[in-house]
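What follows are several structures.
Here come two complexes built around chain A, the first alongside chain B, the second alongside chain C.
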Partner chain A sequence: MSLSPTLSTKSSPVTDTAKASRYYGRLGKYLVAIVASLVLIWLALGVGFGEWSSPMGLDETIWQLRYPRIATALLVGMGLSVSGAALQALFENPLADPSLIGTSGGAALGVVLVLAFGISGIGVPLAAFSGSVIVCLFILAVHRFLGGGQMGLLILGFVISAFCAAIVSLILFMSNDMVLRSATNWLSGSMAEAGFVPLRYAVISMLAGLIILLPLGRQLDGLMLGETTAMSLGIRVGLVRTLVVVASALLTGAAVSLAGVIGFIGMMIPNLLAIIFGGGRMRLMIWSGWLGAIFLLVIDGMARHIAYPVDVPVGIVLALIGGPFFIWLFIRGKM
Partner chain B sequence: MLSLFSPFSVVLTTPMTLLTDRPNQDLATFPNPVKQDPTLFTLDQVCIATAHKTLVEVSHLTIPKQRLVTFIGPNGAGKSTLLHAMLNQNIGVGLTVSGTITATMSTATSPSLKTPSEQLIRQGKIAWVGQHERFELPLTVLEYALLGVSPMLSWYKQPSPTHVKKAAALLDDFELTPLTGSRVQTLSGGEKQRLAIVRALMQDTEILMFDEPTNHLDIRHQRFLLGYLQQLVREQQKSIVVVLHDLTHSYRYSDEVILMNRGQIVAQGAPHEVMTNEQLSLVYETDIQAYDTEGGRVFM
Partner chain C sequence: MTLLATKPLYQAGALAVLLGATSLSAQAYDRIVAMSPDVADIIVAVGAANKVVGKDAFNSNPALNNVPEVGMHRNITAESVLSVKPDLVLGSHMVQPASIYQRLNSLKVKAVNVAPTEDAATFTKSIKTVGSYVGQTSKANQLASRWQQGMAPMKNTGKRYLLSYDGRIVAGKGTVGDELIRRAGGINAANVTGLKPLSREGWLAAKPDVIIIADHNKPVIGSLAKFRQRPEVAVSPAGKKGQVYFWPADEFLRFGLDSPQVLKKLNSLVQ
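And then the complex of A and B:
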């Protein structure tokens, strides 16, 4: 991982040892973090049936049900957090969320349309992903046509998302109870469907998104300085904007196809880490991805455990816990 | 491989040095047979307008190279608008820019190649500091200053220790060293402005453009900055364009002054030619008198 720049004084045995110990101190911290993550994953695998049991002695069928759920939680947490970190830089707004570029609205629209037509199974995640990406690209196209810079993109995203939400409400208003129930489950973000669709498609989409986004870290930092200043640093603003939105759509679309609309995490995690760690966007995106994945894993574990046998949709638990947690941090940060 | 060429270059230059009566003359400093164009920007028939009114109208303007050029004029004269248009013709929602703004680039093959000026900023050849720079970043002062070298680095590379040393030296020059590890969001207005200037200087470009860089600075820092810019022009042959409000400073530090009013260029030339009492009083619509003191000419 990249070390942040420090002022180095003249090299001497004392400073060399200090530098070495700082480096190994950092390495030690990373090792601890990795081990802690692995422990948490192992613990999460053991949660189920209202109690905890060792993942070692699990029945094959239980294992087939649980590990996709864990993997989904990690992937969704990672995808939404990285996307959120990138969009907060793009829109220069700490309240930016992956849903701002139309991904949630598009996914909801896709899901509700296929549910209303009685399609189920693989059709639903596919519809979520397609809806996400199509609406996102639509917003980009309209923005290219109408112009308006960054503010224009924000406004368009907001308006078109709201429009999608209105159509979703309309369709639900006219549907029967079963459709309504399935749709509500999807829209509140649930990982109960994990494992029914092979994870590889989502993984491919997220990998593509990551490969595009991570190298853009420095350019995102430059974008946060304002458009003209970013141009003076040789950044091609229009191109970066397009790439970031497309990559975010790939990440968020995959996340939504796996677990429905999960809000909050894309906004909260990068903000938290920016306050605590700071630093360049690439580093922030990597950290957000990692900690976002672990965070959602923990929350999902709690969601499965607290009201067993009811599987509380993770989006609800996230909002219930995440909200007060964020406020607490905000108050602590102010003091 | 390169070492093979150095004896060659010695062989080539030696006869030339023998022929001249300045034995230590380097081949590179021989007078350029083609005269380099001294203009930096050329504006022709430029008109910047919104749907309702014309903001700036310039029939012809040339800005020279390797000088400290200052734009002065009352509020709303169009100085910032003009500067922004020189950098980026799509400067905002609802603004149309017509006319041509070209920059004269000198390359080895073509000494006066004219390109649209906005290409220069996209190529990272102009360092820019606007009136309202953004500081809502979770970066420390040092990291922010090092953003200036990001055009020179590939995406995975971190700034080298040389860059860090240079940043530290500049931060020291502008008295920001005690704040090196602080988050930029915690700085005062003047500190933020000095930091933005450090970032621009880190870009190490030939051309620098600043929009009211002295707004939040106290008089000591204002003098330091303008003296520093003057030094950059004299010693490193940089071209600097600045928008200023303070007339005394403008007179003292500029090589060339451009006076604007109501979107038009009123006068352009050396400070003593342009900044006459009558002209200034007319443009600023208030009585302005110049007084010569031991410290220089003061405008009140």
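And then the complex of A and C:
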């Protein structure tokens, strides 16, 4: 018995080597990720006017147009993917994405209200953020009142999102063609607003979301074993659920305020990483954030290059990729 | 012989059909529904506002303020149109679903799409067609002729215009906006086809001398001053000279009786 501590404190050269190898392996991965990110950002900065040119000699006006777009793509991709990774664990469902907690429906409602009724004093991005957070908090409040556990939250999210979508459709139907056109473009999800929306508010909101969410990785791993098991492990399920939903709302609300309603990425990226690498939820959230950011940057850069001078909403491009991905995921699950 | 005998008969028959068709369109209708605002404006302009018993909900013509609404032109139903017991229903390409005309005709209510396409020639023709249906042929012909003259292409100014709905979507080639720009002597700076969202770098490359945005999008864009601060606008000739305006969308969304005045307005901006 007394040997145990001694044994545990001493380590063999083999263990040390393995540890060092793991450490350097991890460091190598981070380095590769950082270098890849920098290269892709550099490449994306050079995309414009239907061609690629070195970003070294960009004039100030072009710089002012491109850097907010790249920053927006990175932030939105990161926010939606991290949020998706957390929500998939919370709902124990690989198809869960940020829209399940009402953020997309709420944001759409907020935006359409502003566009159709010209509500002054609140801009479109702020309306999107407020809409997503308010609807999400409403879902949480109703869930607290009605109960029903994780399934109840899932159903409430679905029903209230559908209700928001119905109100949006009604408002669009009642408004004139022009409002419809503006709203449709915005609701498709686009980076075109990049630069018009101050990034600092979105960054603050996303930071708050990440600070709440990332430390919950272990609890989310526990939740994935089922609510009962999670409770037996001492996890305060109700509190974790509320924190995850609020943090996800902060992340996706900010993302939606920057680029409108963008689907699929929050579902695709965490699934892809979970299939390829697996691992704990915290790790998955961090890597999802990275890959989501890079993925959206690449997709937006390609769309900008191919469709120039038309600004194709990136949400449409993602939906085109997301549809087949969803089918692949379904087939894979069946096999 | 048989052939010689049948030819006059055939001609007489054809004449009778033609006369019948003419008399059909010349028949005076007293209960008219104007399903789209463009057609309603024509009916009012030829002096037949008193015959209109139904209009679409987006109609803002003051002469039709007291006329009941029969739905929205974007999604109108036969039932709502029939509720005002019309003997004639007129509309244009703006009316959706397009099958409404066929549906009404199958219900024995005469329904005519007077402007099935969105071009200047069709609009001129639609003025005459409406005139013939409301019994104001000569007035309508005069109006059509004035409109056509007013739409005559002006001297080339070489100035570049961007007509936009919301500061992103622009009227490219093949749109009414494009036609208005060209007839006003200008160049459409939007190098796209149809109504498309132009990227901010596309705006920068367009180098417009004049930018016009739909005024209902003011709440989205903010003020003109704010819009002019956008980097791609600030460096453009329009931004530098303050040639950025909010106009009602209907002025460059579709042809209307005011289109000749719109041409003059567009042209005068660069004089």
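Points to keep in mind about this one:
Heads up, the rule we're going with is that the second predicted complex is superposed on the first by the 293 of 335 C-alpha atoms of A that agree within 3 Å, B and C clash if a C-alpha of one lies under 4 Å from a C-alpha of the other, contacts with A are read in each partner's own complex, and residues count from 1 in each chain.
The rule is simple: a residue touches a chain if its C-beta (ideal position, glycine included) is under 8 Å from a C-beta of that chain, and two chains touch if they have at least 3 such contacts.
Remember, predicted model here, so these are calculated numbers, not experimental data.
Superposition note: with chain A as the common reference, chain B and chain C can be accommodated side by side. Contacts of A:A141 after superposition: neither chain B nor chain C is touched. By the document's definition of touching, of the two partners only chain C reaches A:I62; chain B does not. Seen from the C-alpha centre of chain A, the directions to the centres of chain B and chain C diverge by 140°, a value given as a multiple of 10 for the model superposed on chain A. The minimum CA-CA separation between chain B and chain C in the overlaid arrangement is 41 Å, rounded to the whole angstrom. Note: no residue of chain A belongs to the chain B contact set and to the chain C contact set alike, using the contact criterion stated above.
Residues of chain C touching chain A in their complex: 58, 72, 74-75, 165-166, 168-169, 191-192, 195-202, 204-206, 214, 216-220, 222, 230-232, 234-235, 249, 253.
Interface residues of chain A facing chain B in the complex, by the touch rule stated above, are 2-8, 92, 94, 147-149, 151-152, 215-219, 221-222, 224-229, 231-234, 236, 274-275, 277-280, 282, 284. Within the complex formed with chain C, the chain A residues making contact are 48-49, 60-62, 64-66, 69, 114-115, 118-120, 123-124, 173-174, 176-179, 181-182, 185, 190, 192, 195-196, 304, 307-313. Within the complex, the chain B residues that touch chain A are 84, 87-88, 90, 92-93, 121-124, 126-130, 132-134, 136-140, 142-143, 146-148, 150-151, 153, 155-156, 158-159, 161, 163-165, 168, 180, 183, 200, 203.
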